[in-house]
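This is the structure I want to talk about, given as C-alpha cells.
Letters A, B, C and D mark the chains in the order given here, with residues in each chain numbered from 1 onward.
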Amino acid sequence: MKYIENCTVNKNEKIIDDIYRMELKSNKIVKDSKAGQFLEIKVNNLNYPLLRRPISINEINLDENLLVIYYKTVGKGTKILSQVKKGEKLSVVGPLGNGFDTSYEGLNIGIVGGGIGIAPLVELAKSLYQKNNVNIYLGFNDKPYLINRLNELSNIVKVSTVSGSYGYKGFITEVLEKDIKEGNLDLLYACGPKGMLKKIKDIAKEFNIRCQVSLEERMGCGIGACLGCSIEVNGQMKKVCVDGPVFWSNEVNLDE
Amino acid sequence: MSKKVDTSVNLNGLILKNPIMTASGTFGFGKEYEDFMDISKLGAVVVKGLTLKPKKGNKTPRIAETPSGILNSIGLENPGVEHFIKEELSYLKRKGMTVIANIAGNTIEEYCEMARILNDTECDAIEMNISCPNVKKGGVAFGTDKDVVYKITSEVKNNLDKPLIVKLSPNVTDIKEIAKSVEKGGADCLSLINTLIGMAVDIKTRRPILKNNIGGLSGPAIKPVALRMVWQVSNTVNIPIIGMGGITSIEDVIEFLLVGANAVAIGTGNFINPAINSELVDKLEEYLIDNNISNVNELVGKIEPY
Amino acid sequence: MSKKVDTSVNLNGLILKNPIMTASGTFGFGKEYEDFMDISKLGAVVVKGLTLKPKKGNKTPRIAETPSGILNSIGLENPGVEHFIKEELSYLKRKGMTVIANIAGNTIEEYCEMARILNDTECDAIEMNISCPNVKKGGVAFGTDKDVVYKITSEVKNNLDKPLIVKLSPNVTDIKEIAKSVEKGGADCLSLINTLIGMAVDIKTRRPILKNNIGGLSGPAIKPVALRMVWQVSNTVNIPIIGMGGITSIEDVIEFLLVGANAVAIGTGNFINPAINSELVDKLEEYLIDNNISNVNELVGKIEPY
Amino acid sequence: MKYIENCTVNKNEKIIDDIYRMELKSNKIVKDSKAGQFLEIKVNNLNYPLLRRPISINEINLDENLLVIYYKTVGKGTKILSQVKKGEKLSVVGPLGNGFDTSYEGLNIGIVGGGIGIAPLVELAKSLYQKNNVNIYLGFNDKPYLINRLNELSNIVKVSTVSGSYGYKGFITEVLEKDIKEGNLDLLYACGPKGMLKKIKDIAKEFNIRCQVSLEERMGCGIGACLGCSIEVNGQMKKVCVDGPVFWSNEVNLDE
C-alpha cells in the first residue's frame, strides 16, 4: 500500500560536503517499506520546484517510526531540502518501487555502492546480514561516509577512493573484480552511477553471477501512471518507478 | 455537509456526476491511484492515449522539469486499444465509473477504425487527440489545419454513436477557427488544452534533457494560456468544453468554470498530489455550499469581462 | 579576472560588445535602472515600444502574476517616436551605448514612416514589433500571416539603411514559416519570442485581473517555449537571432546561446532583480573563463540534439 | 538613490489576526527613506511567487538602522513573508515612490487611515507632529492596532470600528466629516481602501481642503520602467510607483 503522508522532519544534518542525512517521522509509510524502495518528496509547498523528488530509503527504523534518507544537493530541489528545519513538515509519497529481492540465505553476497548510491545499501545490508555472508564494496571520489554503519551490518567493508585519500586508490569495481576472481561471490547487488553499474553488469556477465542493480530515471509521477520512466527490459516496456528501480542486470540495457 | 448541492454536468448528453475529470496520459488506467483515493468519486476518468497497435513510445528521459511546469515526450506508449478493452475497461466499468477513451492515430482511417472498435464497448465517450506533439507522423498536422480538423471530426463521428470529444492543440495561431471546424464537423464536446511545445537544455552535457529533443509543456506555467483559450473558444462555439492546463487547486477549477469550461481535467497536478482529483470533488462541493451556489452550472461562463 | 575572453557578437553588421541586451518594454528608456548598475556595460538597450504618436495605453490593472510568469497589458503606452529622439536617444548615445529602437504601428505605412524618421538619428538599429498582442488593430495580424510578414519586412527595409531586426510572435502554428518570410523580406536579424497570449481570473470578483481581459505572458514560465522556437528557427534561417523569454540566470543565457541565439534579451527578469543585466555581463565572462571558452560565439548553436 | 539590499529580518511577529509587523536591518535604504515611500520585497529566492511585493514603510529607525513594515496576509506572497524567521535575509528594493509632501508647518492636519493603510501613517505623523496640530482618524473593521504608537505622535487619535468593538461604531469618514464641519482642518492625508479614499476625496472637495492620498496599483517593476502602474493624473499618464504612490486627491480619478 502506498500513502501520501505529511512527515515531520526529525533531523536534517550535513554529513560531508554536499551530502545530507534526514530523519522523517512516519506512521504509515515506514510500516510498509523495505530495502531498495524509495520516496517521492515535495521539498516545499509551492508550485516551484513543481515535481516531487525521488529519494531512496536509507534506513527503516520501526522502533522510533523513522525513515532515514541520505541525499546529495545537486539542484534546486535538493538545495531547498537541505534548508528544511527540524519540526517542519514535508509531504512524502511512498513506499515506492519494488525494492531489492532479499529472499536469499547462506550465500556469499557482494553489495557494491558508489557515491550517493550507497544510501539504500544500509537497509539492504540489514536485511541480508546474518542470513548470508555479506561483503560490501564502496567507491567514493574523495570523502567516505556511512562506513561505520555498514561495518555493523556486514562481514567486511572494502573502500576505494578516486583521490586515494582513503582505502584503495581507484575504482571499487577493480577491488570487486579482484575478489570475484579470487574468492567466490554468489550474488551481487549494486547501486551507483551509471558508469559503475555498466562495469558491474559486465563483471557479473563475465563471471556468470546474478546481479540486482538499482536504476535512476527522471520521473513524473513515481507511481506508474505517467510512463515517464519506461525502459525496455527483456524486450518489454517496464516502469522504473513500479517495476523497478531494481532490475536484474542481465535484463536491462545500460548503454543509452 | 448538510445542504445538498448539484454538481452534475451534462456534456451534450454525456452526464457526469461532477465536473472533475482526469487528463489523458496522467492517470494511467486509473488503478495506479487507488491507494490514494476512491476513484469512483470522480466525474470521469480519461485514460492514457490509445493507438490501434501497442506502442513503445520514445526513449527516456521523457520528463523534464521547467519553471512551474514539466515537459513530457512519452510518445504515446500504450498497450493498444484491444488490450485496453480486454484488461482495463471492464475493471473501471465494474466500479460504476464514467470512462472516456482517448485515441490517437496516424491516419484518418486509423482514427475511424478505433472509433468503430470502441463503439461496441462499454466506454462512455471518446476523446480524440488530434494534437499530440510527440509522434512525428501523427498529431501535429491533424490538429493545426482547420480543413483537416473538419474532415477528421466528421469522418470519425460517422463511425461512432457515442459522444465524440475532440481535444485541441494550443500550438495554433487561431484556436477559435479550429474550434469552429470541430463544431461544424459534428463533435459533441471540446477539450482543451493539450500541451505547448517546448524544450529544455542541459548546459553541462550541451544536450536537450529529453531524448526526443522537444516535448509537451504542461502544469501551472501554462494555465494563463489555457484560460485564455477556453474563454475565447467558449465565446465562439456552442458545444460544451472540458477545460484543462495547470489545475492544482480548487481556485484553479473555479477559474476554468468561470471562463466557460463545463468540466475540467487535472493532468500534471496528479503527479504533485496523487489524491488531488478526489480532493477537488470534495472541495468543489464545499465551495458551492460556502458560496451559496446550488448548482455548479451556475458558475459556467460567469466571468464578466471588461 | 586576468584571462581575456571575447564576448563581442556580430548581428549581421550590428556589433555588440557583449550579447546581453534588454528586452523592449521592460527597461523603460534605460535611466530607470541607473541607480542599480552602470547601464553602459550592456551589449545594447532595446527601448520601450514606440509608436508614431504618443499613446496612453490600456487601463490598469495592467499586470497580473501567474505561476512563474506575469501577464501584461500595457498597450504600448509611450511618448511617441519624436519625443524619444529628442529626450531619450541622445542621453543614451552620450553614454556610448548601442541603442535599438523598438517600433509598433497600425499600418504598414506607419511602420515605414517611423523607419524613415529613425533612419536619420543616432540609433543603432530598429526592432520591429509585429507581434504585440495588446493593441487591437495592430500587431496580431501582422505577425501571424507569412505573406503580410514578408510584405511589411521588405517595405520597412526599403525605408531603412540601419539594421532591421524583426521580433516574432510565438502565437503562431509554425514559427519557422514566419521566420523564413522575415528572412526573405530582407531583415538583418530576428528577435524572439514576444509574449504568449494569456488570461488571469479573480474568482472573488469574477472578473479578469487585467482591465484588458487578456495580456502577454512572459517570465520563466515561457522559457521552454522560447528555447524550442529559437532552436527551430536557428535551424531554419541564416540570419542571426536574439533569443529571449524567461531569462533570469546565467544558466538561462547559456541555454539560449546553445540552441542558437547569437544574443539574448532579458525582460521580466529586470523586475525581479533590477541589476540582472549588468550581473549577467559579468557572469557570462566568468562562465567563459571557467569553461575555457575564449570567444562567446563558440557557444552559439552548440547544442547536440538526439 | 534606490538600492537593492539584502536585509536581515530582525523581527517578524503577528500583531492581530492577519496583520504582521516586520523589522528589517538596512544600511542603505533606511538612510534615504521618507514617509509614504515603499519597498519592493522578494519573499523568497525562487521564481515563484515571481514578482516582488510592494509594502509601505511604517517607520524609519535611523538609530538602529531598521525599516519597519506592517503587512496583511492576503495571498501567497504575504503568507510566505509571514513565515520568514528572524535572522533570514530578504532582498529589498527601495526606497521607492515620492512619499508624502510634509513640508508644512503650523497647520491643523487630519491624517486618515483605514485597515492596513494605517501602516505608513506612523512615519507620516512623525514628520508632521510638533510642527503642526496633528489629528489622526483610524478606521478598522473590528480589531484596532497601532493606536498607542500613533498616540505618541499626534495631538489626538480618533478611532472607529465597523463592528463597534472599539471607538465610534461606523466608518471613520463619518467622524472626519463631523470634525471638518465643526472644527477647522487645513490639510488632509489619507491611506486605505479605495472606497474610503473616494469618500475622503469627496469630503475634501466639498469643504475645499487639500488632500494627499496614497494609492495602490498592481506593479511590475516598482521603479518606473514597465508602465504597469500608469494612471491618468490631470490628463497625463503618471506612474504610481515613481510619480506616486501619493497624489493630490483632486487630480486623480478614483472611480475606475
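Basically, a residue touches a chain if its C-beta (ideal position, glycine included) is under 8 Å from a C-beta of that chain, and two chains touch if they have at least 3 such contacts.
Please read all numbers here as calculations on a predicted model, not as lab measurements.
Shared contacts of chain B and chain C, meaning chains that touch the two of them, come down to A, D. Each of B-D and A-B has its own count of C-beta contacts, and the greater count is at A-B. With each centre defined as the average position of its C-alpha atoms, the distance from chain A to chain C rounds to 46 Å. With centres defined as mean CA coordinates, chain D is found 36 Å away from chain C. Multi-chain contact residues of chain C (touching two or more other chains): 59, 67-69, 219-220. Multi-chain contact residues, meaning those touching two or more other chains, occur in chain D at positions 47-48.
Because contacts link each chain to all the remaining chains, their graph is best described as complete. Here chain B touches chain C in the complex through residues 59, 66-69, 71, 144, 171-174, 196-201, 203, 206-208, 211-214, 217, 219-225, 227-228, 231, 246, 251, 254-255, 258-259, 302-306, going by the rule given at the top. Touching chain D in their complex are the following residues of chain B: 67-68. Across the complex, chain B is touched by residues 47-48 of chain D.
Listing the residues of chain A that touch chain B in their complex gives 1-4, 42, 47-52, 91, 93, 217-232, 237, 256.
Those residues of chain B that touch chain A in the complex are listed here as 25-28, 32-33, 35-36, 48, 56-57, 59-65, 67-70, 72, 74, 77, 209, 219-220, 248, 268, 270-275.
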